[in-house]
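Labels A, B, C, D and E are assigned to the chains in the order they are written; within every chain, residues are numbered from 1.
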Amino acid sequence: MNQQLATDIMDARRQRGRVWRTQFMVMWGVIVAALLAFILVTIRLDSDFIQKWLPFILTGVPVTIFVALISIFFASILATLGALGRVSRSPYLNAIASFYVSFFRGTPLLLQILFIYLALPQAGIVLPALPTGIVALSLNYGAYLTEIFRSGIEAVPHGQTEAAQSLGMSDRTTFRRIIVPQAFRIVTPAIGNDFVAMLKDSSLVSVVGVQELLWRAQAAGRPTFQSMQTLLVAALVYWILTIVFSFFQNRLERKMATGDRTPERSR
Amino acid sequence: MNQQLATDIMDARRQRGRVWRTQFMVMWGVIVAALLAFILVTIRLDSDFIQKWLPFILTGVPVTIFVALISIFFASILATLGALGRVSRSPYLNAIASFYVSFFRGTPLLLQILFIYLALPQAGIVLPALPTGIVALSLNYGAYLTEIFRSGIEAVPHGQTEAAQSLGMSDRTTFRRIIVPQAFRIVTPAIGNDFVAMLKDSSLVSVVGVQELLWRAQAAGRPTFQSMQTLLVAALVYWILTIVFSFFQNRLERKMATGDRTPERSR
Amino acid sequence: MTLQHVVHPAEIPGSLVAPGAPPILQATAIEKYFGTARVLRGCSMTVFPGETVTILGRSGSGKSTFLRCLNFLEEPSAGVVEISGVRVEADPLRPRHEKASARIRQLRLHAGMVFQEFNLFPHLSVLGNLIEAPIHVKRLPRKEAIELAEGFLAKVGLSEKRDEYPSRLSGGQRQRVAIARALTMEPEVLLFDEPTSALDPSLVGEVLKVMESLAHEGRTMIVVTHEMAFAREAADRVYFMSDGEFVEIGPPQNVISDPQDERTQDFLARFLRA
Amino acid sequence: MTLQHVVHPAEIPGSLVAPGAPPILQATAIEKYFGTARVLRGCSMTVFPGETVTILGRSGSGKSTFLRCLNFLEEPSAGVVEISGVRVEADPLRPRHEKASARIRQLRLHAGMVFQEFNLFPHLSVLGNLIEAPIHVKRLPRKEAIELAEGFLAKVGLSEKRDEYPSRLSGGQRQRVAIARALTMEPEVLLFDEPTSALDPSLVGEVLKVMESLAHEGRTMIVVTHEMAFAREAADRVYFMSDGEFVEIGPPQNVISDPQDERTQDFLARFLRA
Amino acid sequence: STSGGASPSAAASAAVPSTAASQAPSEAASEVASAAPSEAASPSSAAASVDPESLLGTVMASGKIRISTDPNYKPFSFLNPDGTYEGFDSATAEETVKRLNAKLGTNIAIDWQTPGWDLITAGSWGGRWDVSIGSMSVTVGRAKVVDFAEPYYYDSGAVAVPKDSPIKSLAELAGKTFCVGTATTYEQWLKGTLEIVDPNILPAPVTPEDNITALPTDNECIQAVAAGRKFDAIVANANGLADAVKSGAPIRVLDGPPIFTVSVAFALDKSGPDTASMLAVLNPIVQEMHADGALSALSTKWLGKDVSQKPS
């Protein structure tokens, strides 16, 4: 009978959870429906037109994902170097890293893209549109990630360093074998997070003519003055991309947060 | 003699600190100088031209700050409501808040601005350019801040709730008198951080013709094909703004992190 | 099904209890499941006004859970708690409704709690910590609340820390403030969950001294602790918990000095050997 | 100025020390300032191979700081530390150069440390924790390191937890792993900083048992602790620290049971009263 | 003669175009145009003697010509769902390259580049594309940074008002609100900063700068009005506005003479490789297309009227 009680309680709780989730989903559905209705009324979707252009717009999706992926990759490398500079004892490396962070976090991404596109050629460095976008995004996100990586390194408890040192490890070994692996787990979710943000910020490279999602949506809509419809499609696609990648990002985060290798807690 | 030793050690450390900082600053100076030299060589600054247009460009600074300030204000209000929704027990409020966050974090800010500018009028809501920018920025940052506020609320240790409850406080009183004040201190630095980010993102509202810093820089440079020079000026101004406001933000953060009212730690 | 409270033979009123006084706290057949894990297995307790009882037991045996069930910080899976006339039955199958919540709040007003981790409100000064609940729960005027608070602060010997913030206090001082805070609500029963475990050994004394003086004053107290000396000297009765059951109940001279149950013996042997 | 080490009259070789053996650890006139606060005031200590000594004292008296100065986790402001022939002088006025750092690393190889908070490496399995330093500091081949580690794991009774991660262990098990980890470097001296303070009372025993067996085995150990029973039973000598000075040194039967210094008396009275 | 085509080898000399470029663009263009065709070289000799460092040389070496265009500019240049380009500009570019290949005996392909209009007009292309064939009006300011070829059509600006607006003439627009495309000649006209060589500019209505909203392209202006935004007028390309009216945009183009007329030409970057030999090939081609009616035909096809002839 007692085990029955436990089961009953769990069932009741589960049932309440189910009801709650159902109500939650229904509400979401209602909102989405209301939003769609509102859009249909205001924007007067022309389904023939959208069908005609959808493949053209969707061709931008791989470009968007490619730009975001490759940029987050380079940004992570830059951030690793930047964070190494920031935690190093050398005032020179520190200054270089801190300048980098300050400058690229201190100016708008849009401006950075324009700069690399328009000013660097005058110094003989001519990057085509796509590399321009990638370089700008990498530099910009690299600066933000530098600070994240640095705080990741600093988030490793000082006791870890002390334990390593008291085992006779050199600073180098301590850093490489003890600090970095732990910092890595701390920052991985942040990289995922920035990747999702990058998916959207990559839309800025449309200004230099990279034919990604937003560019294509605008190009498709303008000739017939139907930008709103194509922008709407783009918004939906971005939204879906974000939801999909956030889902993976959340799983990553949860995996990093729990599991066997979380920092121990006393008591 | 012993006090002398203490003083000597502190002096030696201070001296080393001074040397370090000096080397750091010198390096910064060198980098800035190198950057300027590079710019002077590649962009061939025309000082007459810049002098002529500088006042015009700087007129955009108050606009930029105004837009950022008022948007962060509304964003904080939206985020408060959003976070209340997210931590509430009601599945409906939760769904509304979660939809809001998902939608506005899931689509690019640029798209949101264009939408409010070009699509809402079809529903009879015609906002001028400036309000359009403010609404878009508020909604967008409000979504990000919602999650920050929520995690701030959740970061208040559960022991606080238990202590309040065991004193007989109702959920409402506990939330209002115990949780919110502590969450507020946790999230204040994040608001400051977002304000600095907003300074730069506000440049996106130039697309609907708000005459802020970037808009003015572009407008000043274009007629004579000297965009690079004016963009450079804009970049410098953004950079300075960021440094100045980051300075205050850091102080705020430090004040919130230390001081009398930090959460106690056992032991 | 109405549960009938059964008083354990060893639960006889302690030395400070007014003769004939009815129990002030009755916990009847408390059960607690976490998922399918049965953490409390029908624990009953009877406490008379003015008594100090302690609960001993291994880590994980369920002491904290039992204490938290007493004021419904943890909802029991089954059982009844009655404290000075307020009776609340476990009702885990339904969501808590407004009326049930109000009743539980009532119960909590009769049972002040002191936590291992103090849980002072860091954003409020010491005085702020003490007057928050009187003002916002009992609706005392601010002036009265301050007077009340100052009285209790004096009692725990911290009058001069009135305007300090918790982060500036030592652990022992924090715990004394926490005790004073619980007292401001003038609860009939005080619950202590290992109040000295988070303290530096040299700070334990000052807290125990306050607790002892409360015990001698005739406060009703239920104390989960590992401080054997306190249990031995201040307690009217000791409950030894093992695996979610009270396996031995009795006066400290019996349970601590001459345990009958094998598990109690084992625990005390291990515990005292270091 | 070369500091002359002075042996305290009470520092006579303990029972397990080989006759005529020279001291294995000499700390001479250690001073430590934090800013202008003088936390250590000329502390000297002599330990012979095979001895176990304990340091007692109030919270904040400087026990941890002294222990950390011994292996330069904290740079002393003045004084000399010599452990099995490696002598390092305090040199706080200059930045540490490569040679000095190498010397300090050498010193640390002779002095293993066990922390209150365990400080196990959470990203490595138990075995990983144990072989990391042998492989990357002593450059042992992996296979040898594993053999060595398994031996010490067996010694602390945790062979079956070899592949577990620290987060899955209880506090007592973690501390035992930490002890095994320190042993893998085969240090001449083991330093313990309140190794049981972060443990649940019921888990203290298993750690103390391991420490006692190490003491009986003839390991040289310096233990900061609040466990009086351990100090009394396992220590050859007790150092009582007050305000950064060793105010009383002697065998435990003297210092603990019959303290001469007023501050020691006061501490023990307060400490044992609870 | 300062013209760029005395002989194929002379066309590659660096001194010539810089002289030409320092003069008023239309003058330079017409001089080149007048001199070049008579001395048009035979394909083989032209191809053989081109300086490999010059613009034409690099284009021939790479086998493709990078042409920038703004695909947001219907009916001059716009995209099909399959990603191909259409419109007057695009067709002109294709025809030009076809003739270029015939002339040089090469097989150069078009590589479309689509930076924002903003960036095309910002100058400093940094060699990212070889030529702009995208309705770039010849202005004095632009001529400082780009070399213009012979005009291939003549554009005119027009003012449109919302369909239901009572406004009938330019004169009534003083102090009203305007919407224009960013960095367009129309924006410059409104702000009084337009400098073109063609004389027939009408004075712009006087209005405070705050009343002028510049959106990324003309197109957004039309969409904004269609969406319900209240602008008193849109200043844009006359042909674009006519096309918008045809597509059902709720606007009406004001009657009257064009607000200004301006030559439109291919543009080549001054700061890039030497443009002289390229101009020496392009100018005759433009001339021929004018002469044999190719441009007239394309114009009629895409714009519904012939804009290739200079209005008198």
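Keep in mind that, in the parts below, a contact is a pair of C-beta atoms (placed from the backbone, for glycine too) under 8 Å apart; a residue touches a chain by one contact, two chains touch by 3 or more.
On a predicted model such as this, the values are computed, not experimentally measured, just so you know.
Asks: Which chains are in contact with both chain B and chain D?
Replies: For chain B paired with chain D, the chains in contact with each are A, C, in label order.
Asks: Same or different, please, for the chain C to chain D contact, judged on whether over half of the interface numbers appear on both copies.
Replies: At the contact between chain C and chain D, which are copies of one sequence, the residues are largely the same (over half shared).
Asks: Does A-C or A-D have more contacting C-beta pairs?
Replies: A-D
Asks: Measure off the straight-line distance from the CA centroid of chain C to the CA centroid of chain E, and report it in whole Å.
Replies: 86
Asks: Centroid from C-alpha atoms only, then distance chain A to chain E, rounded to Å. What do you get?
Replies: 40
Asks: From the C-alpha centre of chain B to that of chain E, how far is it in Å?
Replies: The computed centroid separation for chain B versus chain E comes out at 42 Å.
Asks: Which residues of chain C are in contact with two or more other chains?
Replies: 200
Asks: Can you pull out the residues of chain B that are in contact with at least two other chains?
Replies: Residues 118-119, 122, 227-228 of chain B each touch two or more of the other chains.
Asks: If a residue has to touch 2 or more other chains to count, which residues of chain E qualify?
Replies: Only 118, 122, 124, 220, 223, 227 qualify.
Asks: Sort out which chains touch which and give me every pair.
Replies: A-B, A-C, A-D, A-E, B-C, B-D, B-E, C-D
Asks: Quick check: in the complex, which residue numbers of chain D touch chain C?
Replies: Counting only chain D, the residues touching chain C are 58-59, 196-197, 200-205, 208, 226-227, 229-230, 267, 270-271, 273-274.
Asks: Sort out for me which residues of chain E touch chain B in the complex.
Replies: 118, 121-124, 141-142, 144-145, 182-183, 188, 193, 210, 213-216, 220, 223-224, 227-230
Asks: Spell out the residues on chain D that touch chain A in their complex, using ranges where they run on.
Replies: 71, 73, 101, 105-106, 108-109, 111-113, 115-123, 132-133, 136-137, 165-169, 171, 174, 178, 181-182, 185, 191, 198-200
Asks: Would you tell me which residues of chain B are touching chain D in their complex?
Replies: 2-3, 5-10, 12, 16
Asks: In the complex formed with chain A, which residues of chain B make contact?
Replies: 20-21, 23-28, 31-32, 38-39, 41-44, 91-92, 94-96, 98-99, 102-103, 105-111, 114-115, 118-120, 122-123, 200-201, 203-204, 214, 227-228, 231-232, 234-235, 238-239, 242-243
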